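Should a chain be cited, it is by its letter among A, B, C and D, assigned in written order, with residues numbered from 1 in that chain.
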């Protein structure tokens, strides 16, 4: 059986699989279903300085092989996340990646500074790409200079490595990646959701109260794979890939594209045991493909040009 | 204890216009105790449709490890569900949520159960359990039209049962609230499930009474992790406090959350 | 039964349904299956000045609820398109929208000038958004000023109204739409495909020889709906919507978002009779929804805020 | 005449490792005349998977309005196809493409039919039609291993039949080309279908002979409209001339297109 442990800035992971931010809350619910320490890491729900209620409902809508969400960064706020959620998570032996959100630079910096001190937070995920908040936010995720500056400011105060979460809703994703690399990012996570909308045929109105929402799920996987394939060849930061992952095969596709770890979002709603199931299947699949260690898969699609020897018998 | 299990279809039959009754067998039945809980169903193995569908538990049969749901085949998912037949299996996650509190009424007291359309099903198990406890039950069930009426006989066997239809094609013409006031129905506790306008009307009409309402909301995870299904709380109607319909509900005490 | 005829610049359509460019060739194959005059219009395959062979195969790959293609604008070139394909199409009583492509401004202008003179060409579709050609192209579809200039130059020489086909692979679609509006465009068509990739788990290499391809099909519909919803509120040009249309309900969703006609691409491969089937179903659906004419549906989702009275019984 | 029709499954059975034989009934059978044509199947009603799957016609039965396909259940679509059983219906588009020309050989002449793996099936109908015409047929069929061999008996009943396996677990060890030269097989016309390396080897080895090859390519529409499946032509190998595998092929004369 091949090895699937992975070492990334700040993160020594027993396996490269982690639930994506916003799709796993703070872990409490899933802890009733399985042992959270089976996970490589957990990306917790976005945390903002003050508590946020988020958007009105309906907040989700189904689409073909995907879903839209406009939760609007609902969370109990920095203080309670640290004192209640992260504290509670300490009983589980699993590194936490804290998703940091805000609408001003000051917000981001304040959250990053405080949350990066929490004992079990091993890395930050700088969420400059949430499509579901009206104020400010958008510039952070779409203007390279702005993203770079924010990254720098957050890096200055963070006690742990900073991964920046990129938005796919841009003309030039490489430009964004390079900018945050220059800003001092330790890694990238990509992709956040594509902005989308559904309109109810019966009412004539958008299904989601916020009108637009973020498109996630298998539908967006080809976009994510393309962007990671492109970015991983142009920057030297490790990438945690996400978007539509449902199976161990999907994980390998992300690695081949250039990812070094993978997050699972929407699929947790379809099959709550998807993460432990993938973790169980991964070592055998990596071996079957002829690799001793999963890290050999990273960037395979652009590093080598000849096909693998392996073909399913 | 929430479980995920491939449950076998024991029977499926159409019982009214677009309304189906589906009985599944599975070990997770033994985790079902409260009436008003629901399950989250994956109606196809592939990704079309992608998400699960929340459906209430209408009847629990611990002895046979089976449970029954009643649902309306309308959109893609429920239409596909209606195509399942004996021997097929369905991926079920549940039981989910917290249901109707039985201890809100005592033996000998009277419970009024008010259901609207596809909100009627969870009241059936509730009624059975209340009757077993020795509670006197009265049912007021509202439907759109005659051809959508279901389970009148089943409810009648448990207690007094009134039917209202919106178009007057069957039972009383009008809303469930009309039926209650016209008949001067008295009760100690009201349990209800149905469309939000109905819940609102009942909440308003019986502010001084013990009222429990079962809510519906679009769901992602169904287990409390995604924040898709939140509502404001009654004591902080515009603030940050919230309840999740899927895990804190779907049943709430009147006033607990903003409808 | 409600009416579904539609009047747009250059186009008097008996119905608002047309096959999308590249998914219907020049109509010859589908003419063996049904009478082409049933269609509102036909958007023919992209035409370039010189013949193009296109990319190596494999050129297509399936994705979740979608597909990738990298045909690479294969076509027999301007001269043969005019003398053979358009000539052949003349026997069918159906307006043609000619999709014009190129890698330089001169190419575009030359094609537009010549093809707009063809007797059955009622409008041009300026394809500034093809993701599958390596040279030049990309700037036309992503830089507002460049798109505006090109539109102006093409408008100057075209004998018929010019619709510009927008790429979804941009940060700000409204900016692009406004630019081509200023350039004198008579209408918009949107969206072209999203850039995507799939990697074969067995070979470790991209499935498509060109590596990246354009993502089409139901998977992208929410992105298209969102963009049309946004653009239709900000520009006054009519929009021909496309992306994942498979049913009459999808057509209505596009109209509600802000479209005035709809093109069907990928679905032609799934069900070759999809266009005539939609055309058959549309009048009854429009009536069921309570409209006398389908044009009342355009922009419904943002023009009115109260839900429609209609609910399926 | 290309038709789209919901065809009924008459029978489905597994005939070798991962290999299935599927017989469908439908009116479009009456449009099938040339061996080597294919159909484009939609294996599910929804969009998972979205696209059709091209599968060759292995046997045509005009009398019973039925036709048979032989396929390997490998990816998602063919695996779902393997789950269909008697009475189910499948959306079929076809017949598509142009097949093997029967008139390339005359009565009394010898035709060599060479198939590799899942390229074997279309040769069966071809062989039957050639035999009916009075042509002498010889079959050389290559497979990966013993457990993947199928239709040996069926082909044997039509003419001399040689089997080769890549791992030597059955028949001759090696490639079909080895079998042909080792046995000194003589023929007037060669028909072949299988993996591209095999086609290339045969094309090269028998340049002076009449050779017809059936190609495979990833398809979109299957009818010639999308330009997914083009290949360069032999007389203009790097230019703009092209042939479409789906509509000009899948069968081409050797040299007509670049493999």
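Here is the rule we go by: contacts are C-beta pairs under 8 Å (C-beta built on N, C-alpha and C of every residue); 3 or more make two chains touch, one makes a residue touch a chain.
Not measured: the values here are computed from a predicted model.
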**OP:** Could you name all chains that are in contact with chain C and with chain D at the same time?
**Re:** A, B
Original post:
Out of A-B and A-D, which chain pair has the most contact pairs?
Top reply: A-B
**OP:** For chain A and chain C, let me know how many angstrom lie between their CA-based centres, rounded off.
**Re:** 33
Original post:
Quick one: chain A and chain B, Cα centre-to-centre, how many Å?
Top reply: 36
**OP:** Can you check how far apart chain A and chain D are, centre to centre, with Cα atoms defining each centre and the answer in Å?
**Re:** 46
Subject >> Chain centre separation (chain B, chain D; CA means) in Å >> reply: 55
**OP:** Could you list which residues of chain B touch at least two other chains?
**Re:** 47-48
Subject >> Of all residues in chain C, the ones touching two or more other chains >> reply: 63-66, 217-218, 312
Original post:
Think of each chain as a node with edges to the chains it touches; is that a line, ring, star, complete or other?
Top reply: complete
Original post:
In their complex, what parts of chain A are in touch with chain D?
Top reply: 64-65, 312
Subject >> chain D partner contacts - residues on chain B that touch it in the complex >> reply: 44, 46-48
Original post:
Contact residues on chain A for chain C in the complex?
Top reply: 63-66, 68, 142, 169-172, 194-199, 201-206, 211-212, 215, 217-223, 225-226, 229, 244, 249, 252-253, 256-257, 289, 297, 300-301, 304-305, 307-308, 310-312
Original post:
Hey, which residues of chain B end up touching chain C in the complex?
Top reply: 47-48, 74
Subject >> Residues of chain A defined as touching chain B within the complex >> reply: 22-25, 28-30, 32-33, 45, 51-54, 57-67, 69, 71, 74, 76-77, 217-218, 246, 266, 268-273
